[in-house]
Each structure stands twice: as C-alpha cells, then as structure tokens.
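Two complexes, one shared chain (chain A), two partners (chain B, chain C).
Let's look at the complex of A and B:
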C-alpha cells in the first residue's frame, strides 16, 4: 500500500512484527507475577488499603506513588524523549525507535493511572475527576492527573497506526482456524464473523489516512503534556517544605524533575533497545543508540550543575557532604548519574554496546533514586512515623511492572513495533 | 511616676526596669531565668560607647524609640550605653558636636558600637547628604573603621529604604552595601520596634557576642518568622474569610487583610507578637494590612494593594512532638530479604548481560554475525 502523506508513510519499511513464539517460559513467569499482583489489588479493593499496605497517616504516599507514578512515568518518558528528538529536532533516522518507545510509555502511563486508582483512599469518589465543575484547577496534583490521563490517550492514538496497519494486512488465519475448529459450537457462524472482520479491515483502511492527517497534532500534544506534568511532579513536593529534607527541597524541583525525566527517557530508550535486541536475538541499533547516548551527558551535566549550584546557593553543600543517612543517599544518586555520564563522555564507550548498557543502567538507577529520595527517602513527616513497603504492597508494584513487560513482549509479536531488519531474511518465523 | 517623668523619661522605677528587662529577654527568645542576667548586664557600670549617625532618613527610628508611651525602653537604652554622639539628641552643636564625635572615635577606637540611621547616597561621590562638610559616605567610612560592630537601624540604613526606591536618584544604599569588613546587624522596619534594638544591645551586653543573624543580617530572634505565623487574624485566613474592601462589613468583622494587600505572609518580623507603643497595637490590629517594611523587596517595591505570592497556603500542620513513639510499620525481615534477593538477582543478571554484550566498535556485519551466532 502506498501513502503519499503522513508522518508514518515509511512505517511499512521501518517496522515489522517480531515473528516468534508468544508462550515462552518467561511469559508464564511474568503471567504468574501479574496474576499475584492483580489478586492483591482485588484484596485491596475488598478489604481496604490497610489490608495490603504499610502506608499510614505520616506516609500517605508509599511505594505505589513513589515508584509507579513518580518514577514509573519518568521511566516511561522514553516515548517523550525520542519524540522530541524525532519531531522537534527533526532527526528522522531515530524514527525506527519510536514505536517501541511509545508502547512502553503507553504502559508506563496507563499503569501509573491504575496505581493511582489503587492508591487513592476513596476510589468511589474518582468519578468527580470527569466533572469539570468539581475541578480544583489550582492543584498541581490535578494537573498531574489530567496530564497523565490525557497523555495515556494520546499515546494510545500514537500507537494506533501500528494496530491499523496490522489490521489491514492480516488475513485472519488464526481466527479462521479457531472458528473452523469450533464450528457450530457457541452458536458461532464462521462466515458472518469473518465478514465482520473484513469490515474491520475496511474500516482500518478508511481511518488510517485520516489519522495520518491529524497525527502530527496528537504528537505535538504528546510532547507538550509530559513537559507540563513532569515538572508538576516536582511541584507536588514543594508544599512539603517542613517534611522533605533540605537536600532535596528547593524551588528548582520542577526544573530538576523535567530534566531528570529527559535523561531517564533517553537512557531507558537505550536500555529497552539493547535488552529487546538481546532477548529477541536481533542485531543492535548501534548507530541510533550511539546518537542517543551522546545526548544524555549534556542533560545530566545541566541537571547536576543546577543541583550543585542550588545546594551552594542555599548553603546546603556541607549537609550534602556530611555522610549521614540523607547525605549517603544524595551522594549515591549523584554518583550514579555522574559516573554514567562520565563514562559516556568517551566516544569509544558510546560505541560499545556493553558500556551503553552499563551507563544507561547507572543513569536510570541514579535518576530513579533521585525521585525515590524526593518522594520517600528524604521525606520525614516527623513525630516518630516510619514506613517501609509491605510485601503485598511490593507485589502489587511487581505485578504491575510484570504486566508491563508481559504486554510489551506479546504486543511486539502481534503488531509492527520493532524496527525492520535490513539486508537479510527475517528471524525464524514461528507463528504470529 | 510624675507626668514629667513619663514624658522625659527622667527616672525608671525598679518595677518598670525589671518588666522591661523581662520583655526584652522574651523578645530575644531566651528562657525566663535569664532575665536576671540580662538585668545585671543592663546595670553594669562599664557602659559601651555608642555613636549614632543620621543620614538620609526621617528620624522616625529615633522617634519611635523616644516617644513610646512608656519611655522605659528608651531610658533604659540611653542609661546603659554612653551615647557620645547623636545629632538629634545631643545638646551640643557645630564644632563642639564634631569634636565630641572625633574624641569618642579616637578614645574608643575598636570598642564603640556604631548605630546608623538612614541610607547613604553614593551617586556623584555622595554629595546628596553632607554633615559638617563631610559626605555621608566619608562619615560612615571613618566611623565604621573604628567600630566594634555596626547596627543599622531602620529599613533605610539596612537596605536603602524609600531613598533607594526606583528611580533612586541619589544612588542610596544600605550600610551593608558599603561596609564589608565589620559585623553588621540590620534592624529593619519603618520604624522598627524599639524592643528589637533594645534586645539586640542587651544581648550584646549580656553575652558579649552578636545574636544569630539571618541571611539578610537581621537578628533571628526578632526576624526569624513571618508575621503571618502569629497573626491574630490567621484563623480567618485559614478559614478563607477575607476583608473585601476598607470599611466593608468583612473589614469591620476583623477578617484577614490578605486580599487588601497584606504582606504578612512574606514579611519576617515580630510585629504580630511584640507589637507597638506598649499598648499591644500594630497595623494589622487596627485594620491596615502589613506593608512589609522589614523586607527589602516588598516595601517601596510593591504597592500596598498588591498581593504577595503565598507558597504555603495550608497551616503548618505539625505540632510539638508530644508522642514520640514509633508509629507505622517498618521493614519486615521477609520483605527486606526478598527485596535484597530480587535486587541481587537483577544486579547479577545485569552484570551477566553486560558481560555478554559486545564491547568495542560494532560494524553492521559483526553485529549481525553475532546475532546469528546467538540464534544457533
């Protein structure tokens, strides 16, 4: 099929379905973790939040907000970071990376929203969010909620071309086989259903060019929304001036969170690409990854400079080097990001898959630890309150993360998400 | 005490003396028991010499000290120091006054306290303010050279005040912008509470050191908190009841003055606690919003009706720690154990993977060969 306009006009050349077995052993492991997590979510909704969580009046935000929302959305910023690169800086040769980045972002954000619903004390009041007259438009939390919801929708639309092109190409073999096998049972009529599938295919053919026309606006939204709410995630903690340790409580929190999500975004795009190339036994996207890795040191340098400058300005540098509990975590976070960046400054390291992997891990860990420090570790409500997530609470987070990976693994085998391999035959086809 | 005594501060009864010392001790935030130490210091025979200079100002700071309804603070202050030079208070004038200034500076070099009232013009070599043929700039520099410490009384001496407001035609600045090598205590306010000066001097006499200062050089005991924190109208603020206009019912009801431009939420001073005129009044108590006179960035830089940005709208929700028991559930061995195992496994897997990943520059063919190799 040829399309003459639209951003994804090259998509057939750029992306391909990864043809491999879906029901692998890791699939079953991830599925088990997912089911445990979701069973515990059910427990939370039946017996209440105290049944699964260690959260208390001193720490009303626990691991769910700290990891799933504050850190998870940063880790899900791969889509945002790559979109800036491709559409704002017009570096189209990174385009092959975008679909997998958007897909992980979609899960990251969608499940952050789910985590909030698990976390809020009175979820039955959540419907108020959809009633504009009930909005508290001065609230940073409201902005975060609105942006997360809007961005999830935007990401879903950004991912839609992958689904549509798959719908157009499929010949419903598996469905046909399934229906033939169960012919006559459940009152299913193969022909009628196949006709409906055909209609779906026609619809996909009809809607795709229209979607292509508006997609650029959706993409612009997709770049605006994270810029807004990633800084708001920092603003959220501005109010906790007496509870958040002075090492982290600063008026620059919004800026630091914004830069932080960008370098985490690029690093996670590198990690994700290396890991999926490795796990799916595909060649590495060496050229693009080297390019991405040359961006992160700039961002981390700005970030670290703002951080240190701010500490000096507020007279907290001595505090940062005092080697107490808080200073230890600060130095760890600082050291992880700084060491990752320093290694990346060398051209040779940027071209080595091993060092790209190691540095991306260091930077993601350091950046994520920063968010943990701001939301949990550096947070002390005083009066003897303490908090450590309970096992059930952790398992819900683990379940959500497992679901993310599981769905990614399945979807890349169903839809054209991964970059097309050039110059040689596709990896051994098993079954879509 | 007779009327004359009250007006001119002739004598202070023992009772008034002790009351004022206790008040000054309280202003400093010191324990009650220290009041006797403060009182002893106030009576000590070795009176520190003080030189008081006036530059671009209205003498309001001196006035507020002298014209308090109960003259005790002024009397006490003037009794416990040796005020060698004060242009508006001293009897002498002309060459006689200049001589006493000169003599005191020489005799007490390195020991006297210099109190400065008013801003210092710097434009065109400071010709806009001259006393005895010397510019304010020259007077300040020569007086500061022999001072043990400098107290800038009032917003003008501290930060430049109204003279320094845009367009600042005389290039007026505060003392701290000119003198860099002496300890400077700023007691801003327009005018500042006389108790803040009294307490600062008493603190110095009692403990022989300067009180703890904030970043703007103000004693923390007096300027450590926003007036908003102890305002009697604070409950109205927290409840969202605001005076809508001067003379409006909401104003008459005594509601919060924030929407009329009260700068209390951004102004560090003890006005809401110490108050003025020894009868417990202050601007907010009589229905006028705070104008932020102790802050360099507020008074003369914002109009009275402008509202300040409030960064912490909710009340400070932490109370004195009565119950210090551990609350909430901490880490359980099972959780931390499993977490440790998971983290270790992840680290190990990461390290193994890093080992297997190719090091060094990759050509496309190599990569493909390796990926094919791994497939087999």
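Let's look at the complex of A and C:
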C-alpha cells in the first residue's frame, strides 16, 4: 500500500490549480472559432460530407484524417512520451510535467475521435467495432480504432486523480454563493444540493485510494496502447503500394511512425511547457526541459538513419535527391527534423529557452510534415485527381483545435494540472 | 455466412445451368498463397466487341438503383435532365463505358467496374468486415449495414473502384457486386452481361473466361494486344479484359503481380501474431514500472524539494 500512497502524496504536492480569470479575451476568440467549426459540422451532418469538404473518390482521406487523426494523435503523444520517461525510465523529477501532458493527450485523442466521427460517412454503424463477428483483424484500421478508443479511456482515468483531489479540497464556496443568489428561483434548496456536493466529496475521498492502487496498471496500459496504434497508423498506408510515392512507401512505416510520435511527443511536451509558462506568466521548468531536449536527438538520429538506410536499400536515394515535387517535400521534412536535432546537440542551446522553443518547433513541424507526406502529399491515386482542403473543411479542423486549446486553458484553472511553483506560495484561500 | 453463401451458390448454379455446375470439392476458396482460384465467378470484357451502346450502364442502374440508392446523374450540357450522364464511376454509377481515342482511326471502348480481385485490398483493410469476398463465388460484396464509411477501401483499391456518396447525408460505398444482391439471384448472370447485344461482356467462371480469352488471342492474334488484363494483376482478378490497345491507354493501371494485401498483412501479422507481442510488452512494462515505484519509496519518505537525477 505504501507504493500507492506514494503516488497519491506526490500528486498533491506537485500540482496546483492555476488561479486566474477564465473569461479572457483569448477565451472569446477561441470560443468563436469553436462555434464556427461546430456549426460547419452541423452542415456536414445535414447535407453530407461533400457539402463542406473537397475530398473526392481519388482522395477519400483529406485534412481531417491527415491532420486531426494521423498528426493530431502524434502531437498528443506528450503524455505517452513523458509517461515512458517517468514510469519506465524512472526519472521521477519529470513527474511535475505529467499532468499537463496527460491532459493535452486526452484532448488530442478525444478530439481525434470526434474528428473521425465527423469524417466517417456512416458513424451510426460504429458499434460494429464492439461486435466480435464483425472484427477484421487483418485491418490496421481496426487495430487503430480499438486502441485509440481504449487509450482515450485510459487517459481519462489517468486524469481522474486531478479531478478527485480537487473535489476533496473544494468547499463549494462559489456554488454556495450561486445558490444563495438564486435562492428558491429554480426550486432549488441550497442545503440539499450542498449535501449532495458533500456526498460527492466523500465519494472522491473514498474512491481515490482505490484508484491509486490500480493506477500504475492503467498508466502502463497508457504506454502500451500508443506503442501499438502509433505504429499501426504507419501500417495503415502499407496497403497503398500503388498510390503512395516510393519515397515513403516502405515496410518500415510502422517503425518510422512509432519513433516519429516519440520525438514529436517530447518536443511537444517542451513546447507546451514553454507556452503555458509564458501564457500563464509562470517561471520556466528549465531543468526538466533541458533534460527532455537531450532525449530527442537520440530518437531523431535513429529515425533519420532508418529512413536513409531504407532509401538506400530500396534504391530510392536518387529519387530523394532529384529535387522534384516529392523530393522537395521529403528534403523539407528531413531538413526540419535534422536541423532541430543538430542545434540540440550543443549543451548551451539546450539550456536556452529560446533555442529549446525553436528546435522543438522545427522538430514538431518536420515530424508532422512526415505524416502529411505519407497521408496526403505523397499520395497519388492516379491521373486527374486533385485535392486541396476547402475553407469549410479547414475551419472544422481549426474549430476542433480551438476547442482543444480552450478546454485546456479552462481546465488548468479548475483542476490541479500545472506543476506546483516552489518558493512562490499561493494564498491558501481556495476560491472555487 | 458460409451456409448462406453456399445456398446462394447452389441456387445460382441451378439457374445458370451447364456453365455453373456446382463443384463441391473445389468450393472452398483456396488461401491466398495457393494462387488464383479459377472456380470463382467473373466477367470477360472484350473491348473489340463493344459497340459503346451503354445498355450495360442503363441495365446496371435499373437493376441496382434501389439497392444502392443510385441517382441519375445530370451533365452540365443537359439542363432538362434528358440523359443519365455520369462522367466516371461515382456514388451513383457502378459501371461505365468510356471511349478512348488514340487517333481518328484508333480508338477503343472500355468498361469500368469492380475487378473482383482474388486477394482484394478492400476486403483486407475494412475494419468491420463490410467488404467481404464470398468463399465460393469469389464475389467481392459490400455490406452497407456494417459499413462505417471510413473509406479505407477507397484508399486501398489500386483500381479506384469503390465510390462514396459525397452529397448524401446517409451515404454508402458503391461498387459492382456482380449483381449478387439483385439480378444474379433470379437470372444467374449479371445485368450488364445479360443485356449486352454483342456479347462483349461474358459472365462465367474464371476458368472458362480465361480459356475463352486465350482462344480469342490465338485465333485472332492481330485483333488484340497479347495480354489478358486481370490474369495476373495484383494476384489476379475475376474481371478480365481483352483489348486492341495497350491497357494503359484505356485508363487502367499497369500493376505488379503481387497483391498489396499480402505485403501489408504479412507485416501486420508479424507484429500481432497471437497477440503475444502486445501482451509481452505490457507485462514487461508493468514489471519495470512497479520495480521503479518500489525503488522510489525510500526516497519518497524523506523527499526533499530537490529533484535528483538517478
């Protein structure tokens, strides 16, 4: 039991609610984008996918699959990458980063799932994934779908301790104030409702130790599942041997996608931390970030080596350097990742917030471009087919991403997500 | 499923007579490694016999229209909606005749529809078994009540055959099923083959179609390009082509002999064989994580504020 008490106590000590105004100007901007996106989703469900999207029978997968699913889940791999570091490589001092990483992963995956439901034509049949007689185990898509659903659930459970500890600590002041203000207006009795809240608090106190006991098994599941489906996201395009350009079509697609999501994961964890420190006016987590940044060059070196070795082996190196349309995108993807990694090789750069930010951006862009290349840019279904996303299609993606950022910004102000600031003791009066 | 398709087959065999005598010993489709199963049903399209009357297109839409929710397609030149004028295979058109003109004297009609592969990519990739290949007839069929509309079949198909109904709120995938769900049941042949006035479309077992195609190639070598398209392409298809022009000029892709599904399934099966690798990974990671957690305990008891590198 001591083991589990360990996690519990750590989580209380390490994280804190970010106390700031929720309804900021950026909140309203993000909310507007979100609402536009969701209105367009409504259009899609009423008049069909063709009404909002430029997708066609040659390019049946457009920006929604390429960005929201294939790339978005890689960008959401911060939780996966940091969990490996903390729980498998036993670097506990990265633990303060984990909750914000898990939260962004939860949003990334949850909203990838939402995008899929917007993208698929017959979502009402999705229950077939749960009917064993319909299972089609040859399909990489089947594996991806089940794993992503399972992982989203796992992430939600991993985030639960933050919610539970908040429930335990709150004394429902604002709820009380709200109820007092509207006393009797909705036929609500303040005391009864507060009693119910108190019951919820008791339940949180009761369930937390039980959850802590099994949490480590859930966390490890949260490391296993992305390993499976991130590689399968690469396997998805193995079938397209006649359509995907030979620069990218290789039997190593699963391995390349797996390593790719890891270095994107660490880089995005750096970016998230720097951006939220900047946006929420908190000191930088410089020590952890320097440490994270020393991991990415190893991963990118392996990744780039596998890629180049494979190109040589398949005799495609000339193609890669031919400077045509495809070669251009290949070299861009390669150059972004390589340049970011080279800069990080120098210790001095790893200690500079500016360089950490720049290199993480380079590596994330390069890694994401790789996924775009595999799913869209390097995909050629034959003569006469063309695809570029329509404005409405893009706005749906923008709306979903805006919703993701919006919800993150709100939740860090409601639940203990961000690392606790040492030496800057916050006033203890909880204003819930 | 097996029983049902067998019943269908027997019924069908009875109807079709001599050409389709049931062959119980050969009924079970061989595994993909065994090479093409020539007992499966298919069609032979001979472009040199086609006169481009498009009766097949009309018959296809008439017969399958309700089943697949196919609409008539309006061309831009046709404000009065006088013609059904699809530009290509679409969510409303399962087969189409096109005319390819090399020069004023050299031209050829060509018919597009599902190739009914021996090892279909669409069946291999469909996550919910909405694309299925009948074990006996080899017909690649689409089950709309299982389909989630993910369009992976479209990504996978090298011939770009499955089409999606982009403009419908409740869309389907549309592709030829050799009239399995409609005309074949009662007539023992496909509607297009049935209606064709010049026998440019032959319906039958792959074995017989191949024999016929080879016979035509030897009897009239000058009339044809010496290539039965579909005999070997991507592991073989049950829809075969003969033509006077090279197949590439007719808008059909030149393809390798191996089925892409063999390649992708081999990798996927290697990784997930018996689900051993994922379970082993989970077990190992659990072991490491719990050991780490135990190691953490003593530190945790007198945990200072200083983080430390192990």
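In the analysis below, the second predicted complex is superposed on the first by the 418 of 432 C-alpha atoms of A that agree within 3 Å, B and C clash if a C-alpha of one lies under 4 Å from a C-alpha of the other, contacts with A are read in each partner's own complex, and residues count from 1 in each chain.
We take it that contacts are C-beta pairs under 8 Å (C-beta built on N, C-alpha and C of every residue); 3 or more make two chains touch, one makes a residue touch a chain.
From a predicted model like this one, the values you see are computed outputs, not experimental measurements.
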{"item": "Joint occupancy of chain A by chain B and chain C, clash or fit", "value": "clash"}
{"item": "First, second, both or neither for A:282, with chain B first and chain C second", "value": "first"}
{"item": "Winner by number of chain A residues touched, once chain B and chain C are compared", "value": "C"}
{"item": "First (chain B), second (chain C), both or neither touched by A:215", "value": "neither"}
{"item": "Contacts of A:120 with chain B and chain C, given as first, second, both or neither", "value": "second"}
{"item": "Touching partner for A:90 - first (chain B), second (chain C), both, neither", "value": "second"}
{"item": "A:388 touches, of chain B and chain C: first, second, both or neither?", "value": "first"}
{"item": "Which superposed partner A:241 touches (first chain B, second chain C, both, neither)", "value": "both"}
{"item": "Which superposed partner A:136 touches (first chain B, second chain C, both, neither)", "value": "second"}
{"item": "Which of chain B and chain C A:56 touches, first, second, both or neither", "value": "both"}
{"item": "First (chain B), second (chain C), both or neither touched by A:17", "value": "neither"}
{"item": "Segment of chain B that clashes with chain C, given the candidates 204-212, 258-266 or 348-356", "value": "258-266"}
{"item": "Set intersection of chain A contacts, chain C complex versus chain B complex", "value": "56-58, 238-239, 241-242, 381-382"}
{"item": "Chain B-facing residues of chain A, complex", "value": "54, 56-59, 238-239, 241-242, 274-275, 277-278, 281-284, 286, 348, 351-355, 357-358, 361, 381-391, 394, 423-424, 427-428"}
{"item": "Complex interface listing, chain B residues touching chain A", "value": "311-312, 314, 316, 318-319, 321, 323-332, 334-336, 338-339, 350, 353-362, 364, 367-368, 370-371, 374-375"}
{"item": "Chain C residues touching chain A - in the complex, by the definition given at the top", "value": "88-91, 121, 124-130, 144-152, 154-156, 158, 160, 162-173, 253, 255, 260-261, 263-265, 267-269, 271-272, 278, 281-282, 285-286, 288-290, 292-297, 299-300, 305, 307-310"}
{"item": "Residue ranges of chain A touching chain C (in the complex, touch as defined)", "value": "2-3, 6-7, 9-10, 45-51, 53, 55-58, 60-61, 87-88, 90-93, 116, 119-123, 125-126, 128-129, 133-143, 145, 216-217, 219-221, 223-224, 227-228, 231-232, 235-243, 251, 254, 287, 379, 381-382, 422"}
